[in-house]
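What follows is a set of structures to go through.
Next come two complexes, and both contain chain A; in the first it sits with chain B, in the second with chain C.
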Partner chain A sequence: MDALEPQAAKRRKKQAGPTNWRAILFLMPSWVLLLIFFFVPTILTFYFAFTNMSLTGINAAQSQFIGFTNFVNMFDDPNFRNSVVKTVIFLIFSAVIGQQVMGFLIAILMNGRNSGFRSVIGSIVIAGWVTPEIVCAFVWFAFLNDSGTLNTVIEALGLKPVAWLYTFPMVSVIVANIWRGTAFSMMVFQSALGDVPREVEESAMMDGASGFQKLVRITIPMILPSVLTNMILITLQTLGTFTLIYALTGGGPGNSTEILPIYMYRQAFVNYQLGYGTAISLSLLVIGIVASLIYMRVLKVKI
Partner chain B sequence: MAQGGNTVKSQAWKPKKLNRFMIYRTLPYIILSLIGLLFLIPLLWLLIASVDGGATLSMKLPETITADNYISTLSSESNQRSFVNGLILAVGQALLVIIVSGLASYPLSRYQLRYKRSFMYLILFSTGLPITAVMVPVYQFFLYFQLQDSLFFTVLFLTASALPYAIWMMKNFMDSVPIELEEAAWVDGASVLTTLRLIIVPLMLPGIFTIGIYAFAGSWGNFLVPFILLQSPDKLPAAVSIYQYFGQNGVVQYGKLAAFSVVYSIPAVVLYIIGQRHMSKGFSFGGASKG
Partner chain C sequence: MGNKSKWLGTMIVALSVVVSACGGNSATPGETGAGNTGGAGEQATKTIKVAYGKWNEADRWGEWLKGVKEEFEAANKGVKVELQAIEGSQYATKIPLLMMDERTAPEVLAEDSFMINADSEAGYLEELNVASWDDWKNFNEGIKAAVTANDKVYGVPFSTDVRGLYYNKQLFQQAGLPVPWQPKSWNDILDAARTIKEKQPDIIPFWMNTGTAGQEATTMQTFQMLLYGTQDQMYEDGKWVVKSKGLLDTLNFIHDIYSNDLGPKLSQVLTAQAGQVLETDLMPNQKVAIVLNGNWLTGNWGESGGKPWPEALDVYDFVKMPTQNGEAPGFTSMSGGWTLAVAKKSAEKELGFEFIKMAINEKNNKKFAILDGALTPRTDVAKDSEYTGQKGTLYGVAADFITYTHVRPANAEYPSVTSVAQEIVEKVATGALTPEAAMNEYAKNVERTVGADRIVSKQ
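On to the complex of A and B.
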């Protein structure tokens, strides 16, 4: 070992010259693009959030550093508090609970079924996930509309039609997002369930465990790492949801479905308060950064 | 006696047991069929409405089945333009992502670099950040340097936003190409660029396709980025056109909009089917988290 080490070091040193410039050359395009269009705007978020920049008026030409004013305003702003609450509700019910429970239910029910049947159901669920988000919004706009399919069914059953997007806006966007996102969780759980060794489940059955006991004591603990990873990934995905809600309800009626990205958009591009809009997006970014760091810890990848 | 009692009992239970067994067997099929139906109905409306001459927002059997919706969608010049714009964004981004991430992943996969670990951690970390959160500062940035309303710079931004994930995947794909093959070629006098072109690229073609498909689908389906960075009507891609159709006009011809949506969705669906086999590998990260 000792004899080999200096040799290896020497060889590396020799390579260091030509290798390094080639490495730099190859990495350069990605660095330039990431730096200009991704890292700089991310870092600028932290700066812009402390300015009174706006899209029109005097502050458009020369914005000033205003310290924590945006953040003080933010915490006093009932609309901001509203959108934090809506974001949390939307995250928990549409992603953490909705998509995961639905995805797990489908995956576990599919386990061991007829493969033709599996692929038909799987394809239908995945279709909602593959379809572009704006089309999903259109499809749900039609489904939940006053004269949409859901109300037609309800009327056929002799019940009164409901203006879903006005009466239950939050439930509507949550259901639409579950429909759109379930496929991801389903696929994660399918592959995780495939990794659970048959022998473990069989020996539990031999020892007299019921189906439910087997599920709670064996299957779920064994796929727990995937559940955790999946939960963080879909949280991150759902955190940035804009299109689906913006096209379905526009954040309304009132601000009943105005999650943070929608409120950020409204402040920055409708009310022209870019500085304040950036302060809101910073809060979104911070949640994303924390979730991202947790994700890296949980994943424990070897690089 | 006891034994006799048992046999009688078990015989009496037999039909009931069979019944329960039947329920256990069929119940998952029933539940799954119901779930499948619920997932299918919203999409089915889209497909039916797109061939219905008098489509409404509710699902119904079409009175007349017609291709008119598709014909008028595809023959409209502004629609054609929005598809072309979408293609420019998606193809341009996918190609750039493949080239740039391919180049970057070579040293990351093959060389001992001092900051490799930190760089890969930064890349992994960036894959998690929601793009939505940086759109306002990106817009300010574009405004300041007069880059807004340009398809070219929108492609560059889309490329940068897809790069972290693409570099991550590309490096992993390249790691699985054995270095011995390259070393053999080097001995024969091949340069790094030659081995990259003639050995690595052909061997990781499935991976390159996967990344390309992922990149294409990502920008083809993207609404927010072009919605914010582009303004001229003649530069808007299909995603934004759909929104404008059903977001602004009071009376919409739903059949035509449905046909437009179907045409717009086809590339994403087809590419997904092509890439499915390779993509499914990416989902077994349960193993990674155990190690």
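On to the complex of A and C.
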């Protein structure tokens, strides 16, 4: 064994040479694309956040480096704080709780049913996910606006209609986003549940575990890594939601649904403060990182 | 070995495909969108881009510019005019983005006059050689000042406007209010609104633009119409006035209207469609008694408007907005003004200026003004009897308003400050902030945006 090992190792080392060179060459196109479309813009974003670049005025012709001024202003800005709060609320209720719970419920209920049933339900749920965000916004606008479908039904039942988008804007956009994104969680959980070995479940049942205990003590702990991946992915997706809310409520009324992407857009493109807008986008990045770290901690899973 | 060379060959082919794809897409220098594309015919076709805002379905600017396009193309063989309609609510954002890049910079663009200072400082606008243009002498001097920055002219005005109070004569008579009505103070307006509320509970007593969704419409028709009727201003001696008695009184007026239910439903007035609802539904159906707005509303009710309504000006009268307590000069108004400008980074700048000269000549400007319900900045058109005698417009009345009018601070920081103004108007209306708290927020936010050395507080 010992005599063979150095030889085997030498052979492996010899093969490592050309393989590495090949791997690098294969990776080149994607590295170049990543560089152009990801790294360079990210570095530029970091740089712009420290300038007073704007869309018009003297600072459009020549922006100046202003250090941390944008960040100081950011923390001083009550609208920014409001935006962070609204973003967190939107994130927690529509993604972390909403989409995950709905997705999990649907996946659990579909587990083991016949495939015809699964494909019908599955298609309906996925339809919401594949619909372009703007179409989604129009669908929900048609449903929720003052003379929309929901109010028509309510009036037909003899009750007083409500201006949903004006009186309950946050609830409206949360519901719309849950409708839109549940499919992703559902699919993640479906495959995760499918991976749970039957023997474990059966032996738990034989040991006298009730359905609920089986769920909580066996199934969920076994799919925890998927839960973590799912949470991180939908958090990052939800943090970038713009079109849905902008088209549905415009961030309003006032700034009751002005989550960070919308606030960022307003600062950068309506108030023309590009430098400030980029600084705000960096805070989105920070929130994403913090959220991911929290998930990893709470779920006690390492990636 | 054979495997290796086959594999190597595949890689080289793949890489060369990627490289050629990337290389082929980059624009070769000199060939911009407006450049000469060598045609098969004897003449090279030049294209000029004309960008403008499309404010509603009626697209009256588009109609005007289409007419000019036909005339221009006929007069200039080998030149094509490409009209670019940009959705109104996106216009303020898109136009600087277009001007920034030489591949998209339009030869002609509609430029709001208050942006001229900021955009010329940014290097977006081309200085126009009006000295050699004979027709320039026919433009109103006061308006010329608004398009000049550092003694250079950057835009040719094609419209201006005034703001005032529309009131419904029938509803007033039914409520026992005097007709004709000319309020002399803000209290007169509040009294009339209260009377309407009492006698006609189903009618909206007083409408003023209130939402941030309305953008400049909220700042100009509401915030500034009130503030400039007080003794204080928005911008004075080179600094932004962030706290003043006038500002507090302005916010208190807004608070009074909404807290006493004298205004429209918030769910109606805060949306982006509020203006459209007002102009094509509430006013023609006489659901609102007093409206603080601009003279161009009549454009909606003309034959080519969104809601043709020939009796409009028999039903609604347009009167001047009083100063707060009737102090001299007694009345106030605000004037904006749109211009046509040439983007500095565009390719065919001389052709662009020629297009502008044609678009705003006497004949075309008269046609446009009558079409759009806008006021003309030309002195010759202003005296034209066909213009002043136009049915369903406020031209005859408006000349009087202009004597009391103010314009917005033509300062590069204005776009940021105006949005703070819009926010506090909305917050006071919804009750989210008291007038005092709103003024404090205005002061804080403006200071944060323009810097502590650019503001002054008068309280």
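Keep in mind that, in the parts below, the second predicted complex is superposed on the first by the 249 of 303 C-alpha atoms of A that agree within 3 Å, B and C clash if a C-alpha of one lies under 4 Å from a C-alpha of the other, contacts with A are read in each partner's own complex, and residues count from 1 in each chain.
Going forward, a residue touches a chain if its C-beta (ideal position, glycine included) is under 8 Å from a C-beta of that chain, and two chains touch if they have at least 3 such contacts.
Computed from a predicted structure; not experimentally measured.
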| item | value |
| --- | --- |
| Superposed model, chain A: greater residue contact from chain B or chain C | B |
| Chain B versus chain C as contact partner of A:P29, first or second or both or neither | both |
| Partner chain in contact with A:P253 - chain B first, chain C second, else both or neither | second |
| First (chain B), second (chain C), both or neither touched by A:V40 | first |
| Partner chain(s) touched by A:T278 [first = chain B, second = chain C, both, neither] | first |
| Which of chain B and chain C A:F269 touches, first, second, both or neither | both |
| Touching partner for A:F68 - first (chain B), second (chain C), both, neither | neither |
| Contacts on chain A seen with chain B and repeated with chain C across the two complexes | 22, 26, 29, 269 |
| Chain A to chain C touching residues, read off their complex | 18, 22, 25-26, 28-29, 55-61, 73, 76-79, 146, 163, 166-167, 250, 252-255, 266, 269-273 |
| Touch list for chain C against partner chain A, complex | 4, 7, 11, 14-15, 18, 92-93, 96-97, 100, 115, 118-119, 121-124, 211-213, 215, 266-267, 270, 272, 412-413, 415-416, 419, 423, 426-427, 430, 432, 441, 444-445, 448-449 |
| In the complex with chain A, residue positions of chain B that touch it | 24, 28-29, 31-33, 35-36, 39-43, 45-46, 49, 56-60, 99-101, 103-104, 106-108, 111-113, 116-117, 120-121, 124-141, 156-157, 159-161, 163-164, 167, 192, 217, 220-221, 223-224, 228, 239, 242-243, 246-247, 254, 257, 261, 264-265, 268-269, 272, 280, 283-291 |
| Residue ranges of chain A in contact with chain B within the complex | 12, 19, 22-23, 26-27, 29-31, 33-34, 36-38, 40-42, 44-45, 48, 53, 102, 105-106, 109-110, 113, 117, 120-121, 124-128, 130-135, 137-143, 145, 147-149, 151-152, 179, 182, 187-188, 191-192, 195, 211, 223, 225-226, 228-229, 232, 236-237, 239-243, 247, 261, 264-265, 268-269, 274, 277-278, 281-282, 284-285, 288-289, 291-293, 295-296, 298-303 |
